[in-house]
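Presented sequentially are two complexes of chain A, the first with chain B as partner and the second with chain C.
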Partner chain A sequence: MSRIIDVLVVGSGLAGLVAALTAAREGRSVRMVTDGMGSLAISGGCVDLLGYAGGQRLNDPWSGMDLLPPAHPYRLLGASRVRAAVDMLLQCAADQGWPLHTAATPEGAPCNALLPTIMGTLKPSYLLPDGLDPAALARARRILVAGVHGLRDCRPALIVSQLRRYRDWADKDFVPFMLPSPLGATHRSLSALDLARLVDRPRGRDWLIQNLRKHAGQCDAVLLPPICGSRADASIWHELNQAVACPLVEMLSIPPGVGGLRLRDALLRELRRHDFELVENARIIRATTDGKRCTSLTALAAGQERRHTARAFVLATGGILGGGIELAPGSARESVFKLDIPVPSDVTLWSEPEIFGNHVFSRLGVRVDGEMRPQDDSGQAWYDNIFFAGRSVGGYDFATEKSGHGVALATGWQAGRMAAATAGKFHEPASGEQL
Partner chain B sequence: MLETTVVVIGGGATGMGTLRDLCMRGVPAILLEQGGLAHGTSSRFHGLLHSGGRYAVNDNESARECIEENMIVRRIGRQCVEETEGFFALTPGDDPAYVEPWAEACRKAGIDAQELDVAEALRLEPNLSPDIRRVFRVPDSCVDGFRLALHNAMSARRHGGRVMTYHEVTAIHQRNGKVCGVTARNSISGESLEIACQCVVNAAGSWSGRIAGLAGLDVAVSPDRGTLIVFNHRFTSRVINRLHPGADGDIFVPHGSITILGTTSTPTERPDDTTPTCTEVLRLLDLGEPLFPAVRQYRILRAFAGTRPLYTPGNAAGRKASRNFHVVDHAEQGLEGMVSIFGGKLTTYRLMAERVSDNVCARLGVHAPCRTADEALIPDPDQAMLRRAARYFPVQGLQLMADRLGDDLPDVLQQVELAGRAGESDGNPLLCECEMVSLAEIERVARDPSTHSLTDIRLRTRLGMGTCQGTFCSLRTIGALVEHGVPLELSPTDNVRRFLQERWRGLRPALWGTQAREMELGRAVYAGTLNLDGAANEQDN
Partner chain C sequence: MSVRINPDQCIACTTCVVHCPVAEATPNFLGPRMIGPAYERFRLLGLAEDPSLHYCANCKNCDISCPHDVPVSSINMLARAEQCKKQRPGLRDWVLAHGELQARWLRLIPAGLKNFGMLNPVTRAVLDALGIDKRAPLPRFASQTFRQQARGFRQSGQNRKVVFFPGCYVDVYDPRTGLDMLWTLNRAGYEVIVPDEFVCCGLPMVANGFWQDARANAERNLATLARWREQGIPIITGCPSCALMFKTELPEFFPDLAEKHGLTPLEDAQEFLLDCVERGELRLESENRASLPELRVIYHAPCHLRAQGNGLPGLELMRRLPGVASRNADAGCCGISGSYGFKKEKYAIAQDIGATLFRTVRESGAHVAVSECGTCRVQILHGSELPCLHPVSIVRQRLEALNPA
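Coming up: the complex of A and B.
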């Protein structure tokens, strides 16, 4: 027995969470079915809106929107909707005590920030939590660059050597420093997530504070891997900054994505204030449709099938990595409704010889209209109450554009709105009825 | 100007084997290789140490050489060989009338081919197709071609030989119809090097036509391109051959945690024509399916291609060309002191080296006999040393590491013990979990003067060859090397970019299924998070 819900969201990456939030904030009942954590499990926790377009790095991401091809999700939506989505996320995050904000030009206009990574490279991004804000670094003359013994992914010497290759960073003083492993002498390897979970607890914070204090006094800023807690808890951040008495800045790091998990934590907390239910470790195996309407999706979890009946559906199932798009020799399809995605039959034409080239496969996805409904080749909607969001949508390359979370946010917002409106239209039977 | 007696050209198994053979007979020799160690075909094949069964019917003499050399290489190259044995399996698509002549030819060549009950074969190899009709077990084995070249080089060094990688030969000098020296160009520094010598051995494999051309000679060697697929599973414990006349896509060879399916055969103009194509990958999968019905479900790690140096006098080509080898003394064409070795296969590298060394020694008046079949390439490390190493290296990867390192093991152990005593050690972490490669091993290899890039480190240690294909370990490695002050040829970001680019070349023709997911993870990390693509244009110096 299962009640009919208004909006069923498949996938719990950023697109799914935003779609669920948008629909829930409009008063709809929302259930989220997910088979994993999606993009946030590998994310740094900042929102890249648009870092590159037309072969140029963008200082102002909004100025690049017009340079994008017409099929790009931002073009389908239009800049004003993208702005509205950004505003909604800013508000939700602030409500949860995990504020995001943008960098600003000297004139005070919002702009992309350049975030240092554990490889010593810089990445443009737009919405940042406090811990990633690089403003203190720009002012700093002398920067402590911290690694941790046992954390193999973060080597201060590499970071310093590479940051120096950027003109703005070449003249700074860097002090590379290895913190002793909090586990003592051990051969065990650590991930940033292990350390972040340790820092969630007072003992871990003491370890971090005592070690940073030894050197931070002579420095203007501390650059460290993302280890300052695993949850969206700003009080930990403020406690650390105060105790070390020197501004801390975290670097972007490789998976596990500590920053992404914090953002997920904040959004799930916000969702729990609404009529929201989360079903984890469940994979959609079947769709039931009636003409141009989907009536239910059946999920498999722990060997049990369960049918989820809803008035509207948001598919935020991810792309090639997340499993929302399946590639086979010569063909591509969407994984739940098995929608065919047109591709050249010769796989050689899907990609370019250069690894970071302009690949066909990197933009493959479901074709949608401005309301995020899937379309067939003739521009007709396949279904009236299904909306796609995030990387399952075609037309953009998250990796080279640095637009992944931005598109997830904008399409998730739109899909959530449209699903909420559609559910409202079908709302004749009272919500909460039993099937 | 350097002086030596013999210059050997080509750093594959044959060239290294020749260098070792000459040095063991007391002949001073220098080996020049245009790329890194085993940069050519010795690291670009299926890694099968042939029993000879594959050649028994068509070329019984080759088959006999194979089984004899197979047994010798197992003995002298224990660290390079995994003694798996092999099956020849008759599928419903194969001609049953081929079986008896094949079994008879094996007997004649001295190959121990025993028929096995099909049910027993399926018990031993449960992923094999249940439709197979007959199975024979043969003494096939698996060999790491790169390591074989490396360990030959180590042995040669112990006997006074010198190996110079990244040295491309640009001229062969002669005086009065006799070889008197070579000019080589260091492809890293661009510097030119002159070496005076009395003899030149052309063991350049697919490139040997070009080398002969430098001396104004014309030789009948044709590169023949072979493409292979590497799977992320060891779905067979044994080498599996199809019991039919040699054809494309009929051999599966397990190595460590992976399996290789090979090989296609297409004549090519260029010896460096090594970019695999999608058509070849799909064809191999079609051809592999009768032996392993689930072959399409296994994740592909990458495809790769190499070129066979086929000896083709009178235009025999492809599979019709002989797999036998030929020693050509160019004195017959008016140039004394120049010898070329063509054709052959990795299994018989030692015999090829012996024959060419015999020729050179006869010219030099050296009478010392060949001893390469008697002495192990690498002496076994004593147990006390392995016990010491177990304090610093993960026990489960200890033997793998000792086998890879060969002569370098005592040195690596000493370094890691010194660092441990000085308290500098950060615990010798594993940087590559798939292949169990630790920091100390990587650091030693990286400091070797012949190492210039992450790709060189990959070949020697197998770093990045496993499940992650370098997504995690290449970054860790480059970070650790910068931390420990080990410089490489390229900047850290360029080095990782080139490493990923090489992986991409192997993944691109198979861009579907789970391998496409892994590839997107790599793009998410290196482009999406680390902005390696953007940084290429934005780092100012």
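Coming up: the complex of A and C.
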């Protein structure tokens, strides 16, 4: 760990991966230290940008940006930077054979899509892989809804009865259908990921194609759980689509959601093309600082402490569940620099009775400026070379806004860029600065 | 069992399930979340063990991926120990857990005969009946153990000292790697001490459920380590699994022993060598560098190394060698997990798990594969047919070729 690197990224969720990729694409050496894989790996993998704002559901997420409170990360960044971050992700994913697209309004403008879940609900999201084409669903009159024996979480009959409650779906014809299990009797109940991994192989694709062909002919689209392969390889879905001769559309699933694993696969592959190293199973426990400069972070791993020295640092440590924010009765703080996060001292005020209410806890996080530097009460940056990204940043509520991966992407991009620029500055001999 | 791990840290997020190679290979394994923290609640209630516990390979990918520091693999190993107390594991598992002991017993028999005895088709058929798959790549005994050979190795004029824990694999089957380590440490100016008292680190015993034997070995090793630690001499190993055993498993499984003898974490030898390079004790470049042809290396990171949170110092060492182009295979677990992939009912699972790695190695165009772990090396050769060496062997080859003594 002796090498001094340009940018050290903590955390391997979407925010960390995007920050690492942005800095690496600027030519910086990047090391990622992480104590766990991050929520991307279990998520659905569509990027929610902004589904709700000011109490309204948004068709155009960009139109909602101005309705957000001023301290919201999107407001701090400004819509043009959020767009630039989205563009970078589109580029990287396409380069890795995992193209993402957006739904479009009748006029052809990009918009949110309402995606069916395996619970039969609809969820707004923005960036979608090929296997999720809302237009195919909108056009379809008759939809085959497929489940698989042994996959207990996905029940076509339930999905159909739930979907019928939505106005746009009420008058469609649904054909619920159970595919036989390709694995026979198994000791554990199957997950969508088990099936997706089977479909990675020709044997699994044959199973799916043979079974769908029998029924898809009379339908305009097939809704199925996310089982069209586990890796970032869009060709699998295209092959299946052609063989079945009917558009296949995947539903969003409870964890493991498969889609996130594919996106993670694409981002990691892209990262490997750069000067990037990954240190797994190490927890950052403290920072060494010199005035407004952080010089190193110390990791605890296998009972030993190790210092990681870098020129700039990105903390993408996630929220309360990710490990980036620690709670104690009546107080909250960021977990590495121990930055205080203001909260009401009365814990009962942290949450609302309504489950999707305006909870204090769900917006808890580090206060940052537009460059993603953590700020003190007076609005001054605590440190010059520390940048936060993702769920560790405060001021937004991803669950009610439906903005989770979107904020992780936008803040990760900005933090990675700023860290790259800062590390570059420390490289210049003219500045005379030495670490 | 005196040790218990609280399963309530688990939030059932399924991250470990996504990263468990055995769960990927077979739907007959409950998977880490269910067999570990979730089933632990049933165990605490006194319910019978789940029949799929034996599938866990103790590879640690669950621990690596868990965002909540749940020691899933340790929960599994403790459960296995408990199960083995009730029902003694069979002869096959005893054989696989006690390779070092058998080597000691067989010491007087020449290696040629031993290997003929162990590897001929008749014995393999007998072993197969016992449950050791006849296709599995059982390693060959060396003609002399590493420690026997090390005694004859002339170490001259070194003023710094280091203690080397070879691990059974190097000692019994692969002395060459041990000698390459000796040679390289000598180059860096270190006299290498290889104590006779060291025994197997005990990881194969834990994995096969021989808890008392693992404890006895731990006691002996920790006492030996403490003596060298008190003299202020660094203690290193080139084997990631031995290092992991001493750093995290022993204190977790036998806290009383750790307390009694104090903790002596084994340092990673590759990291130690990197530090030697940093300090200027070991020079990897030379004046006549242009003369050597480029060596293309594909590197496999053992899961037990990744679990230590120390990055990949062996790969970093390769990258510092002039004229060596090294690539990280980054293709997941090799499948062998110590003795797991030798077992008849696990062989196919192990090959299935390793398939991505084997393909990556075969298609890499590399001259040689490199990995720190002995059984990973055996498995990579078996699955990809490309020879696989320890990083230190590459270091020695290159330095000898660059700077002939």
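Just so it is clear, the second predicted complex is superposed on the first by the 419 of 435 C-alpha atoms of A that agree within 3 Å, B and C clash if a C-alpha of one lies under 4 Å from a C-alpha of the other, contacts with A are read in each partner's own complex, and residues count from 1 in each chain.
By our rule, a residue touches a chain if its C-beta (ideal position, glycine included) is under 8 Å from a C-beta of that chain, and two chains touch if they have at least 3 such contacts.
All of these numbers come straight from a predicted model, not from anything done at the bench.
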Check your understanding: In the superposed arrangement, does A:G44 touch chain B (first), chain C (second), both or neither?
Key -> first
(message) Applying the document's definition of touch, where does A:M119 land relative to chain B and chain C: first, second, both, or neither?
(response) first
Which partner does A:G36 reach: the first (chain B), the second (chain C), both, or neither?
second
Margin query: Under the stated touch criterion, which partner chain does A:E280 make contact with: chain B (first), chain C (second), both, or neither?
Written below: second
Query = So, does A:G323 touch the first partner chain B, the second partner chain C, both, or neither?
reply = both
Quick check for you: in the superposed arrangement, does A:P255 touch first (chain B), second (chain C), both or neither? both
Larger residue footprint on chain A, choosing between chain B and chain C, goes to B
Notebook entry, point to check: Is A:L193 touching the first partner chain B, the second partner chain C, both, or neither of them?
Noted result: second
Shared chain A footprint, chain B vs chain C, residue numbers 42, 186-187, 255, 321, 323
So, in the complex, the side of chain B touching chain A is made of residues 277-278, 282, 394, 426-431, 472, 475-476, 478-480, 482-483, 485, 491-493, 496-497, 500-501, 504-505, 508-513, 516-517, 519-521, 523-535, 538-541
The answer for chain A against chain B in the complex is residues 42-44, 48, 51-52, 57, 117-124, 149-150, 152-158, 161-162, 165-167, 170, 178, 185-187, 189, 252-255, 319-321, 323, 327-329, 346-348, 350-351, 353-356, 361-362, 398-400, 402, 404
Per the touch rule, the chain C residues reaching chain A in their complex are 11, 13-15, 17-19, 24, 27-31, 34, 51-52, 63-69, 244, 247-248, 251, 263, 265, 274-275, 278, 306-312, 316, 328, 330
The chain A residues in contact with chain C across the complex are 1-3, 31, 35-39, 41-42, 183, 186-188, 190-191, 193-194, 197, 255-256, 261, 272, 277-283, 299-304, 306, 318, 321-323
